[in-house]
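Chain IDs A, B, C and D follow the sequence of writing; residue 1 opens each chain.
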Amino acid sequence: MTLKTREDYRAALAALRPNIFKFDRPVADVTADPLTRRSVESHCRAYDGAHDPALRDLFTCRSPLSGDVVHRWNSLSFSPEALVANARLKRELYRQTGTCTGAACVGWNGINTLWAVTHEVDQSLGTGYQGRLRDWALQAESRGWMVAGALTDAKGDRSRPPSQQPAHYLRVVGETAEGIVVRGYKVMIAGVAACHEILVLPGAALREADHDHAVAFALPRDADGLTVVEARRPSDGRELEDHPDVPATGITQAFLIFNDVVVPRERVFLCREHRFTANLIRYFTANYRACIGACVAGQGDVMAGAAVLMARANGLSSRVFRDKLVEMAVNNETTYALGIGAITLGERHPSGVWLADSLTAHVNKVQVSRLPYETKRLCQEIGGGIAETGCLPSAADLASPVYGHALREALTAAVPGEVRARAARLVEWLTIGAGVPGCMHGGGSPDGARLIVRALTPFDGYANLASALAGIDSPVPEPEEG
Amino acid sequence: MTLKTREDYRAALAALRPNIFKFDRPVADVTADPLTRRSVESHCRAYDGAHDPALRDLFTCRSPLSGDVVHRWNSLSFSPEALVANARLKRELYRQTGTCTGAACVGWNGINTLWAVTHEVDQSLGTGYQGRLRDWALQAESRGWMVAGALTDAKGDRSRPPSQQPAHYLRVVGETAEGIVVRGYKVMIAGVAACHEILVLPGAALREADHDHAVAFALPRDADGLTVVEARRPSDGRELEDHPDVPATGITQAFLIFNDVVVPRERVFLCREHRFTANLIRYFTANYRACIGACVAGQGDVMAGAAVLMARANGLSSRVFRDKLVEMAVNNETTYALGIGAITLGERHPSGVWLADSLTAHVNKVQVSRLPYETKRLCQEIGGGIAETGCLPSAADLASPVYGHALREALTAAVPGEVRARAARLVEWLTIGAGVPGCMHGGGSPDGARLIVRALTPFDGYANLASALAGIDSPVPEPEEG
Amino acid sequence: MTLKTREDYRAALAALRPNIFKFDRPVADVTADPLTRRSVESHCRAYDGAHDPALRDLFTCRSPLSGDVVHRWNSLSFSPEALVANARLKRELYRQTGTCTGAACVGWNGINTLWAVTHEVDQSLGTGYQGRLRDWALQAESRGWMVAGALTDAKGDRSRPPSQQPAHYLRVVGETAEGIVVRGYKVMIAGVAACHEILVLPGAALREADHDHAVAFALPRDADGLTVVEARRPSDGRELEDHPDVPATGITQAFLIFNDVVVPRERVFLCREHRFTANLIRYFTANYRACIGACVAGQGDVMAGAAVLMARANGLSSRVFRDKLVEMAVNNETTYALGIGAITLGERHPSGVWLADSLTAHVNKVQVSRLPYETKRLCQEIGGGIAETGCLPSAADLASPVYGHALREALTAAVPGEVRARAARLVEWLTIGAGVPGCMHGGGSPDGARLIVRALTPFDGYANLASALAGIDSPVPEPEEG
Amino acid sequence: MTLKTREDYRAALAALRPNIFKFDRPVADVTADPLTRRSVESHCRAYDGAHDPALRDLFTCRSPLSGDVVHRWNSLSFSPEALVANARLKRELYRQTGTCTGAACVGWNGINTLWAVTHEVDQSLGTGYQGRLRDWALQAESRGWMVAGALTDAKGDRSRPPSQQPAHYLRVVGETAEGIVVRGYKVMIAGVAACHEILVLPGAALREADHDHAVAFALPRDADGLTVVEARRPSDGRELEDHPDVPATGITQAFLIFNDVVVPRERVFLCREHRFTANLIRYFTANYRACIGACVAGQGDVMAGAAVLMARANGLSSRVFRDKLVEMAVNNETTYALGIGAITLGERHPSGVWLADSLTAHVNKVQVSRLPYETKRLCQEIGGGIAETGCLPSAADLASPVYGHALREALTAAVPGEVRARAARLVEWLTIGAGVPGCMHGGGSPDGARLIVRALTPFDGYANLASALAGIDSPVPEPEEG
């Protein structure tokens, strides 16, 4: 096989059926439409990595399935080193793009999760899911697909289970000769506009009554019956303007409407086996949350750089802000290395894939919901007033033939006004604009992570340690009622 | 006199010369143009307060100058109670508008600051500035003006003083029969599109060499030679759309281009008396930063409310999030009451105006640069994925005849999808959208505040207390070199 | 009357019956015994203040009851200024003593609280409690008493009310001709060893079934039937050593054992009127928690000074640590001025006493449970390794004829080893030694304060504000079940 | 060889010359004297681990030098797994002892550091240091020694280098036939009272002028000319009392006085090769700070357990405090797994030993100077008033024949008073007593770590990434002067 290039990737995208919409209009070609082309550009940089001598070893690897060298985001991670490389790749991609390249992330994690889960289902029930998954994964490898991953259901009323509000969770509604029929929604799905395929997984641990929702499968992005509506994001209107108030990269997050979509049998990887969904969620979140610290670290690296730019543009040495810059670095490295620690503390699943340690992975999720906010705050603090909320005239105004020269003079400091404006816009984009990736709830909420931390921490055992040290030899039981 | 109504206010605004621009086009009528009408609506609510029985006592007061009942934002604050009312009014306005109503704030503070400073200049130099200011202030009162305040200069290279880069600081460039001629910029000025008048003050403590920059005056917003370009803000493009993705209220922040503007002599309140600018900055920041805690508290109140809405809309009792909601309240009340404390610890200036305590006012500025960020973070955490970055389709998409019904179903939870969408958009607007007021650097940076805290804290005295307690009777001097 | 001196104070203490114990031995004379003399010295400094021209106006005031000039801690606070002076006095006393002078604090607050509550009881029930209180308070004023205040009951199992475990709450067990008989415990009572009188109040809002616990009264510290056992505190053994490892000041906190103590009728201020206890707790905590921010600020001032000393002793300019020192000052001034704000936002009780605003006072309690911990941490960080846990040989070792000279040389830096040792011991004492006052739970727990914050914050009203801004016109009700 | 038992260990200690002092008196037998026996007991538990089937694999390992199974703390760490085991062992030891077992830690790290550095010196200069080190290390293994590590010099004036104040840094002052003569101090050395041998290393990166201070060697703890004075620690006086106010475990930290001590040549591992000291410090701190996160996690585990005990003892379900307990766990796991990440990101030194990644190891040091403080604060908050500062009568008072029964009743809640008292004392000991290990400055200060973070973070590279994203193609240089 041959590794794909950004041109290959774009050509394949351009050939898809135009089933993506935003602002109540269709996107004819995702590679050209300003609504989606920034996300495509971000993903292009992942392909570029495969051909860049400095990045090649990170962005490609030898497939455990085929033995070929493949784009790493299509590969199974059979060692802790492979999972560490997942984290490193994401950090690097954030550095290259400033934001989330969702289709080089969630689908990848989904394949690995399903590899483990199909193993369990097959072992337990004698099904043949892993064989199907293998066939599909080999295609993904050889064609160098970008694969978005779709887990999050609409969920409706959070106090009620799926079975009491089936319309809010994607579900199997029938079968045909070729396969199964699915209906419903997946929401807030990253990278759909930039992907070739979508890998769909259940979004929750399901019970018997919910079994129709226990379904996993892969589909081309332009499958019949599938409609994609892209969510709006902060300042997304700027992406339609013709000026440099936003970077060339970007993200998309979609609402998927499945209107009785037929999924061919060979692309179905789970169907109504509800009791395996708890493990599916467990494996998915452990690996996802171990690696997410690298994402926010990579974006934090860019924020540190943007802060340095702003300081210099304002005429100040970045040394003036050294404590704040170090604090930003501390935040970045904490979520990054904490995730690496979670990977290291993990274990190999019988199917071969490496699973990160759940406890520390979820601890990382909690930190990811806090430390990057502080990093953003520091970036804005260093950046000054025009950076904090991008408080300067638009690029269109800076180019005005009437008063543009005056604005540019007003913005000039240690560098020309246009340069300072660009740096300020970058800070805005990263901290309060379209570049903010939604890392707090992406892949699940911090409170959900706290529940896992609580469940996995042996507080009773710790109380026993404390009793022993305190010289208490009688039991100190939990009261009946708190 | 009669208190003005929102209709009076709007009529007066509509009559002004159209010297405001954004996106390289002029604003014909600020009350109608979507670029500015939200800010006008915000300020309208201040006038409404004067006629609302529940708010009247807060939004109006008896003028110490005329004895008339006036809009409070036009009044001099001759008591701590009056300054506390300034803080309370701002908190209430934030609750009514969700964001900053800049023209009911900075100009007000500027009048009070100038009252004290003109007293000092007149006492010292025998000038007659305070009489001019009185005359203008009486007009402001009787006409019920909104007065924007303009301090921040373009500043250029932060490592160089104004005299080395005069073009970056507003300055007097000449005199005519009627008055003085000024040239240069004031930047990031709040509320200009919603004001009748602009009160201009120096933005820094100036030295002898900088004396041309020591100038204070008042001008109608549409003065000849003045061009106003409004800065863009996060997601400001939405304000041009015709749907409910943003509230009816809003803010503006302007870049002012003074192109040899003539200021009539009776409207000049300081001219080249550079040595009084240090006090001017001191008084302005003390009162401004004492009261700013109320602003962020008021916005925080709305965030707490929006978080409650989102919890309920998601089907969850707000009790689930009680710790986070209490934490939000703690943040809000801390900056609010800390500011009230700073006011209480202040003192009366010989001119009559009440000045807040500088040390604690600047401490409040430091807190304002941190606690609201945490409040926003908590609001996003409670709000969930669609609130964090407003990750849901646009209102245009929700209204789509083709797929809108599906999106609305996907968004329905404990309340209809449209309602949940509005609540999520509010969280987005408050925390990562156009409603974010730029409170970190507004009125000066937190690092500037830290410098004041450092200067005003008697660390040597504290070291002496420590020596006495430690039983150290020999001196412990500062080393030569750190 | 004449203001008392430290000599008067000590003489009166020395005359009391020796009913105080620690380490299973009695204290014959609290002014001389090393177990208690440091606390007495701390309180002496309050009397010194009354005779110090620089402090006299703060440490004394004119009594609203008698019109005499009295020690301020014996006075009723009939104005916000008076309550602000309470806060200021505490900050000053912390600066003078480094720690808590409990008997110049809680009793004072108790008198004011009872003034309001006896007014309510008398108005409602026609009792004559306030007259008794007035008589006793006039004695306290004229004799210049130190009055400890005792609220906290033993409480036992926190999940059960007093009526289900009467032995754990002080209670009325009978009456005699002269008065009432009380039995039980008050625990963790500050300043008992240094007081002349103890003012006892209920420690909780009580219900009908608990009415025997609704009792308030004053007693001489050496009343018959009262046994006082002083709690041990961190490093309290050092106070028995004969060397300078601890300051000359200090605190005590006592367990009071009431063994059928007879309280004369004229000293009883509440007896079984349980329904007034909720207000009693409300008034007490509001004023106490408004002022407690000043206590921790005063100790923080000393910590900032000690940190400066250590930096200099280590040979470093305090400028090296300017950011950390400013952060310490920010913490100190925040709790101080937030409390002043709470006082300012308060209101006058019909009885005349000024009551701080409950919401913001409890917010201050929450901050007091956090910010001083950060201040201590910073003090230890600046102080270095020998300061962090006082990690250096004891004073006895430094004085060793065998190896003391070597240790002193090892400790010498920019100042002689002994001086550096004293500064390090002060940091230890303040941050991890006997000087730590227990401000987190003193006067009630932060979680209790959070409950009040939650109850007093109008979250529903805030949700309505948010609905209005979001353009939501249908109700968003709280779900049945969270 | 045979693994040693606690009895073997104690017997070897008891045979040493009594050169340890505290409170100006000698310690005849460290295993019996209350001044030191708690530290000995802590270290005994490390030997116990070698014989406990559940812990054996962690507390022992196969020596890369001899191939024998040895106590792990005597081994070289030739793989990342071996270094992870170092971290895991420390966490476990903290769980068993509640505090620092210094002699099972620093010496171990020192051996590994010297293994790498002697390799470099030998390679570069043709010396034979590693052979000497191997011989000594094989003895340490076979005899199962506890080895304290001594790095920290007295340092004197921090603004001056060793060469300008040689008395404040240990130094070579001569040579004899057998070896070298050393003089000076090492201070704050953990575990000396519980060790057989002391491994001495330079405490700073040294320059040419400082070369006499570049010396590393091993000595028996009771070497001629060496005097050890133990530092006092918070509440250390209690260890001399005969009651349960402190646990059976403990720590010591010593000042070492080298009075012209002769070190035999075969025990000298570095002598005046100053230019290798920078690497020595680098390797030492990288591995030490990667693993220190496990220490504080282990103590934090005990704090979580103690908090659970206190909640239950007070009659409250630990569920009431679940958010705080989860926060404690998040802190513990963050420093632990962040350290594991630093190890994983490290690399193998040419000598064979595994070196942790410096950047993330120093980031961990910064977190260790913050997160455990918050964990302690939470432990005190959950624990309540008697736990916060151990505010209850001493064990001697609880046992008083006169009033002890009353105190015990007063303390009884959901468990008997004595049990509740023990739990409260444990919280005190862990958070504000002798159990606090001094982790902020132990092994170097957080500000030192920040310097490394700053040096190792490629801020310029990050600025370039930001420029690329912002579309800035001109340089934005650092200004001349900040």
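The rule is short, and it goes like this: a residue touches a chain if its C-beta (ideal position, glycine included) is under 8 Å from a C-beta of that chain, and two chains touch if they have at least 3 such contacts.
Quick caveat, the model's predicted, so the values are computed rather than measured.
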| item | value |
| --- | --- |
| Comparison of B-D and A-D (more C-beta pairs in contact) | A-D |
| Identified repeat of the C-D interface (over half of residue pairs identical), from A-C, B-C or A-B | A-B |
| Inter-centroid spacing, chain B versus chain A (mean Cα positions, whole Å) | 37 |
| Centroid spacing, where centroids are CA-atom means, of chain A and chain D in whole angstrom | 39 |
| Rounded Å distance, chain B centre to chain D centre (Cα mean) | 52 |
| Touching two or more other chains - residues of chain A | 157, 159, 315-316, 323, 414, 479, 481-482 |
| In the complex with chain C, residue positions of chain D that touch it | 21-24, 152, 154-160, 167-168, 185, 187-188, 227, 229-238, 240-241, 245, 253, 255, 257, 259, 314-316, 369-370, 373-374, 377, 380-381, 384-386, 388-394, 396-397, 399-400, 402-403, 406-407, 409-414, 428, 432-433, 436-438, 440-442, 445-447 |
| Chain A partner contacts - residues on chain C that touch it in the complex | 157, 159, 323, 479, 481-482 |
| Touch list for chain D against partner chain A, complex | 80, 84, 95-98, 244, 247-249, 301-302, 304-306, 308-309, 312-313, 315-320, 322-323, 325-326, 329-330, 333-334, 336-345, 357, 359-360, 363-364, 366-367, 414-416, 419, 422-423, 425-426, 450, 453-454, 457, 459-467, 469-472, 474, 476-479, 481-482 |
